[in-house]
Amino acid sequence: MNIFFLIILIFFSGAILSFIINRIAPKFSGITTFVTIAVVSFLFFTQVEINSITQFSLGGIQMQFGVNNYTYIFAILVLGLSLLASLFSIKYMQDNDRLGYFYSNFILSIAGMVGIIFSRDFISFFIFWEIMTWSSYLIVIYDGARSSRSGLKYMIFSAIGAYAMLTAIVSIKGSYGTFIISEAIENGAFNFTDHIYIPIMLLVGFAVKAALMPLHVWAPNAYSKSPMSFTAIFSGAMSKMGILGMGLVLASVYSHSTDENAFNVLILRQILGWLGGITAVMATIYALIQTDAKKLLAYSSVAQLGYIIVGLSTGTKLGVMAALFLAIIHAVFKGALFMVAGAVERQVGTTDMTKISGLIRKMPFTFFTALVSIIALAGIPPLGGFVGKWMLYEALITESNNYFLVIVIFFSSTAAFMYSYRFLFGLFLGQEEKEIEHVKEAPVTMIIPMVILALILIVTGVYPGILFEPIAQGMQYLGYSDVNWDMSVLVNVWGEESNMAYINLTIGVVFVVIFIFLTLKNLKGTRYVGTKDISTSGEIPTENENLTFQLDFFKPFQRAAAPLYKRSMDKIWNDLGNALEAIFDFTRRIYTGNGQTYALFVIIFLVILLIFKNTLFTN
Amino acid sequence: MTELIKEQHLLDSLTSAFKIKGRVIRDRRVEVFADKKMVSGILLFAKKQLGFIHLAHMTCIDWIDENKFELIYTIWSPIEKIHLFVKTKIERENPEMENIDSIWDQANTYEREIREMFGIQFPGLIGEQDFALEDWDEMPPMRKDFDTKKYALETYYQRPGREDAKDVRETISERSGTKVPDFAKKYSREK
Amino acid sequence: MINDKDSQKIVDYIQNFARKQSLFVMAYGTGCGAIEIPATMTSRYDAERFGIRGAATPRQADVLLITGYLATKTLKRVIRVYEQMQEPKYVIGFGSCTINGGMYFDSYNTINALEQYIPVDVYINGCMPRPESVISGFVKLQELIQQGKADNGKKYRENLEWYRTNQKKIIKNWKMPDYNW
Amino acid sequence: MEDLGLKIFGAILTTILGFTVGMTYGGIVRKLTARVQNRYGPPFYQNFLDLLKLQVKKTNIAHGFMGHMAPVWIIIAAVTVLLFIPILNGNLWFPNMSFHGDLIFLLYMMVFGSLGMALGAGQSGNPNSAIGVSRGLSQMVGFEIPFVLSLVALMIQYETTSVQELTQIQHETGVWNAISNPFAFLAALFASLGMFRYSPFDIVGAPAELASGPVSEFGGKYLGTMMSGGAIFAFIKLTLYVHLFLGGAGNPDNTGIIATLLGLGVLLIKTFTLYMVPVFYGWINPRYRTEQAIQYFWRWPTALGIIGVIWAVYS
Amino acid sequence: MIREKETTLYLGPQHPGITGNMMVKLKVQGDTVVKATTHVGYLHRAFEKLIEQRNWLNAFTLLCRFCVPEPDPMELTYARAVEELDNREVPERAQYIRVIVMELARLQSFMLWYAGQAGSAGLYTLGQWSVGDRNYILDLFEELTGGRIYHMYIWPGGVRRDVTDTWKDKVLKTMDYLEKRQDDYNQLMFDNTIFQKRAKGVGIVPKDKAIEWGVVGPPLRGVGIKSDVRIDEPYEVYDKLDFEVPTAEGGDIWARALVRKEEFRQSISIIRQAIEKMPKGDYYNKVPNPMKWVVPEGQAWAKTESVRGEIGFYVVSNGTNKPYRVHAKGAAYTHGVTVLEKILPGQNIADISFIMNSLGVCPPEIER
């Protein structure tokens, strides 16, 4: 049997199996999921050959399965993160109901992503895309009424994306007569001259998943409302499917358009870049006023995706490389951070940063993961996050001449320090109060995936070349020739370098020297005291007083940046939505908020389009 | 005294409105003696009708011989420029007085102090229990029968030479063995 | 070759020199003597010449300057602040009130002898002591430090029981964290 | 590697130089401040005595692991940045590694220390520290904008992101960047006011409400180590400015001892003059509130920075 | 036990930003104060109880220590209350000397205010200058009374010592110097944009509530109400001197600062006039043996204008050689508790020390 079909089959049977096992022994449902993903990963990395293509036809439509160097990057990302997340999920979801529902959808969404990676034609691409969307939607509304509104938002935006994508696909078939992606590209579907709307429609479809402004509205709520073990994948991997598509389309647009510097290409580049930049800024400044750690991370994800899109929009070698590198690193650290949030949620019961503080001594490993991931997120040397940020800046400054975008990105990135600190401070630092005395460290199966992700971040900081290798090959597939990379030296086009080996060596040596000096010096006289022993001006606080600074942490910044907070994109969409709700009351009967109805609706639409495709789009 | 028309007029208006006694002390000084229950009425009247909008101060005197506390409310009219003293005497046993912090917000502070220092209760008084003292479990200290010197000698360590709180000159001369000169004795604090 | 004893002497000398030349004074005006501290720190008297400067929190301070009488309520805070300071720490009693109660000897709310509650290195007498006497008190403290005689943090730690008994006699509602260093 | 020994020697030499100069500048500023305030002032070496005293404190209190680590982070950031900026242009005695790290790296590395400090302050659990950190981070977003704008202007004007290159270019052409792109220089100068945290931008540790802000709970060896880090950072910022805008110091063609000393002298004169700008400004100004400080940076300095970038593009 | 949402900040007692030994407990949300409560008593020395143990003149040693930054108005107010009880006349020369001493005390207190107001906003240079220059006034006091801070100079019936012509010259010279220096201070403080930004619109005392809350002195004049004991109820020889009582509109820190800036000038002018107009004559009305001095039975209320506002003494005598009851009410009594608690909510924590300095909160005056 073909390895691709086998993998898909394993996924589907795993989904069914975990659903059934939950009825018998709920405990093993999670383990089944983990085993399924482990088996698939094993099969994928041992059996699948890169650039092998399987052709088959379904209902008279030619279809292709296969993996190329470009999608291979995403395969590593998806499977690796899913494996860790499913391991994490076993204990995390332990005490919840409806585990079968959760796990089968969990597997299905991964199946969708892997399917997208395999698909080399638009039909299977779209089908798997929808599988991914539906199953993730079902997980978003897993919590029931509490999350139904965010689920509705997610569904509506996904529907917009799906229709945009479908329109583009059908038009490609109509105009170029093929569903095979590579053929369509070769036929000039993305040359951005005759059918400009095709790539744009596709980009809109992908941008919804990649949470690009103004289509990001669903993301913060959907990310924070679904279970954290899934959000790790949702934000880490699933959003990267949008990046995958965008990367493909943009690379083709840039390389296939007749004149690379044609006016409309430039416009597209600028618009995408600025949209990405504005996404990054707005999401960042909204992230830093959040009080819920999950929501903070969700907004932060949107911001990080903004950077990636900026990188992709440049279309230059360093820019795309930065984008792909950031995509992987973002999956790693955001996966780790959502797992941290999940661990805290499981052990403490909440992730509201105004309610908890001082977990550092209770959950040291979780804190370690959070610290490393936050350093990577903030882009501070020497971790992997810095490598990505460095390449992005260098690309913008040296190659794309988009100088003011640099400032926008830098503003967002500096402001990111603020919410990074807010996250660490809110959960782990501050007073150790009585309320958290009972808290213990998360179970081992939750610690292991987190720490592995943290270690990956450290290793990629020292040897970013590990990731450069697949990325360079993937970029060659996209049409970039001579992609240079070095194991631990970053070079820009002007020849300046940042040598991670030197940097890490210096940091390491200084760290060891100073740490030993500071620890050993006067060791006898050094005392570690609790957080209650602080100077409160000589007074002794009473029991119920709160000594941790939690509310409105960045109030001065909010006041300084008040104009930016004035008009929220959410509000615009809400107003729009309310208006639409009032006008199209009948749509509410179709959009009942029930997943199945939605699924049925999409299928009916798809079938209708396929039936009438010849009459509609013959030219 | 012809210049005291203003003051006399004020006294007249007060005595006609309430059945109280009072007198003009000198220029800018008028005092009235009121019953405990009438005080808040008088104060409110003075504030609303006569323009005495400023509570200059409020204090308490412990008349231990009479077994009474005297409460004095001093109010000031910025327009007339007259001080009005409203005085009332209350029983020393289980003293209780009407709370006037609804008339003047700042009265709260005075009342807290008087509650702590004299033990007079003001029902409905909000605010911190302690004003100046912390964990005080003795008699309210400003009462005349509280002996602060005795308390201090019992509670605090007294440095040798200071334990009897004698005149310094006597102590020095005692220590050095010389006699206290007569002129020094004359001015000794201990009588 | 310098033997261990001599080298220890040199090290001690250097350490004590640094300690005496850099006195961070706890910014805690406990009583009315606080009014002469600004004068001491400013142009005419300029205590910074001697390395004396203010420190905002007890963790950074070396010298606790008790500027005058101590009400019992303040004494509790002073003990708390003193215990939070890091050794070596010094206490200067400033004004007659810290020595024998001064003119408040019969007050029910002020203590009369500071060294009963926290160890005192140097007393400065007078009410109020002039900035010159404050500086001379500091110079005296510097001499003590250089000679290695000012180590009252240790004294406090070793005689904690005695000090605690004295303190608890006055502070009735004892709700203080433990002193553990 | 035969030059490894030289590199290590150079690194140690650079660190010692940065530390000494930073501390001495701090002492001189204290002295000068005293003179402005009609006082005699402490000796110029007072900071060394303070540091020594802090290091020989007999007890040291830490509020946990991050509290213990905070000074370490600051020193890491300080020393690493110091080693990656050129002290003297092309001098063998200071074999810096600025070829191996460029401006973007330096920008981010400088934040490393602040974040470590913030984490240590956060673990102490003192609300004053947390408020100080909140103010510090907010203010950082303020002054980083004009600073980065001025750096971007330089980078695109000379098509290089390396400090070494920028210095070399100034050395070769003989025209300081402060003259070739005055707007960028001014933007960076305004930003430097915020960086040095003198008045009016010292709200982070404003004693009037926060005691000593983020360092409220640090004393003894921790505070001492932080002080050393701060001193090195002061030197770093000054040296970076000098090399970016004021023509740098040192002659790559002549690396003899006399030339080295001469270069050092030039460096010291330039850095000290530059240091006087925020210090002077601090003497005569009260402090801004946080939001006022941020808005200050986002007005004229940012406008100057944007003009600087446009100037760089069209020149 | 439910933990509060707002962070608790302890501003004092051990805090560099607090104006003396007191505590303002703040509940903050973000950097905005939600609730502020003043806690006093750290300086409670039981003055009023102790004075009852001393005789009429011994009380002066305690009195001047009521409020440290400005002890002389305390002496004067008490002396005037006792004079009223004892029907004691004060020679005119003594009255002039008292006015000079009062105004000198006011000046030195203003210089402390300059330091506090500027220092709490981070302008330390001005604080160093003005506190340094304050020593010149303290020198004058020292020469006149023997004490730098506490003088015990004003006694019932006059003053303790006569002034000499050389002292008068020194005072005039010092006034010239201070007048020049005040220009420097003002240039550094009032001409500074940042100071203006910080001070304008912050810590507003509402005009309609001001008198009810017990606001007196410069803060009351800062809301535009012309109220000063020196003109409302002239004491000593203030009615013979020509001076202005400045007011300003707005009730914010800036208005209060403007009032004080002008009052500084007025004080210098008053001192000059008083020295010029001072007649020859006795400086002291002899009392009988101070140890046996019996003051007739009665109650008296006297008030004077100190730098923070009106200070009143209520003195009760039962016809013995000791006061029966002395009650002092300083301006800070209301400023430090009621007014502060009312105006702090909604303010930025960066401004609290600034506001306290501007209101002239002086804790020893509150709890005594």
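Chains: A, B, C, D and E, in written order; residue numbering restarts at 1 for each.
The criterion applied here is as follows: a contact is a pair of C-beta atoms (placed from the backbone, for glycine too) under 8 Å apart; a residue touches a chain by one contact, two chains touch by 3 or more.
None of the values given here were measured: they were computed from a predicted structure.
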Under the touch definition above, the chains in contact with both subunit C and subunit E are A, B, D
Just to be sure I understand: going only through chains that touch, what's the smallest number of steps from subunit B to subunit E? 1
If you take the mean of the Cα atoms for each chain, which one ends up farthest from subunit B? A
Using C-alpha atoms only, the most centrally placed chain is D
Looking at CA centres, what chain is most distant from subunit E? A
If you tally C-beta contacts across B-C and across D-E, the winner is D-E
Distance between chain centroids, defined by C-alpha means - subunit A, subunit E (Å): 64
Separation of mean Cα positions, subunit D and subunit B [Å, integer]: 61
Between subunit C and subunit D, tell me the centre distance in angstrom, where each centre is the average of that chain's C-alpha atoms. 36
Residues touching two or more other chains, restricted to subunit C: which are they? 27-28, 42-43, 56-59, 73, 77, 81, 87, 106-110, 181
Within subunit D, the set of residues that touch 2 or more other chains is 37-39, 57-61, 127, 131, 134-135, 207, 211, 216-217, 220, 289-290
On subunit E, where are the residues touching two or more other chains? 7-8, 11, 13-16, 31, 41, 44, 46, 49-50, 53, 128-129, 132
With touch defined as at the top, which chains are paired up in contact here? A-C, A-D, A-E, B-C, B-E, C-D, C-E, D-E
Within their complex, state which residues of subunit D touch subunit C. 30, 34, 37-42, 46, 49-50, 52-53, 56-61, 207, 211-212, 215-220, 223
Under the definition above, what is the set of subunit E residues touching subunit B in their complex? 37, 39-41, 44, 46, 48-50, 52-53, 211-214, 225, 227, 232-233, 291, 299, 301, 303, 310, 312, 314, 316, 324-325, 327, 329, 333-334, 337-339, 342, 367
Quick one: in the complex, what on subunit A touches subunit E? 354, 433, 435, 535-539, 541, 543-553, 555-556, 558
Contact set on subunit C toward subunit A in their complex: 28, 57-59, 77-78, 80-81, 84, 87, 175-177, 180-181
So in the complex, which bits of subunit B are touching subunit E? 28-29, 53-57, 59, 61-62, 72, 74, 78, 81, 83, 85, 104-106, 108-109, 128, 130-134, 141-142, 144, 146, 148-149, 187
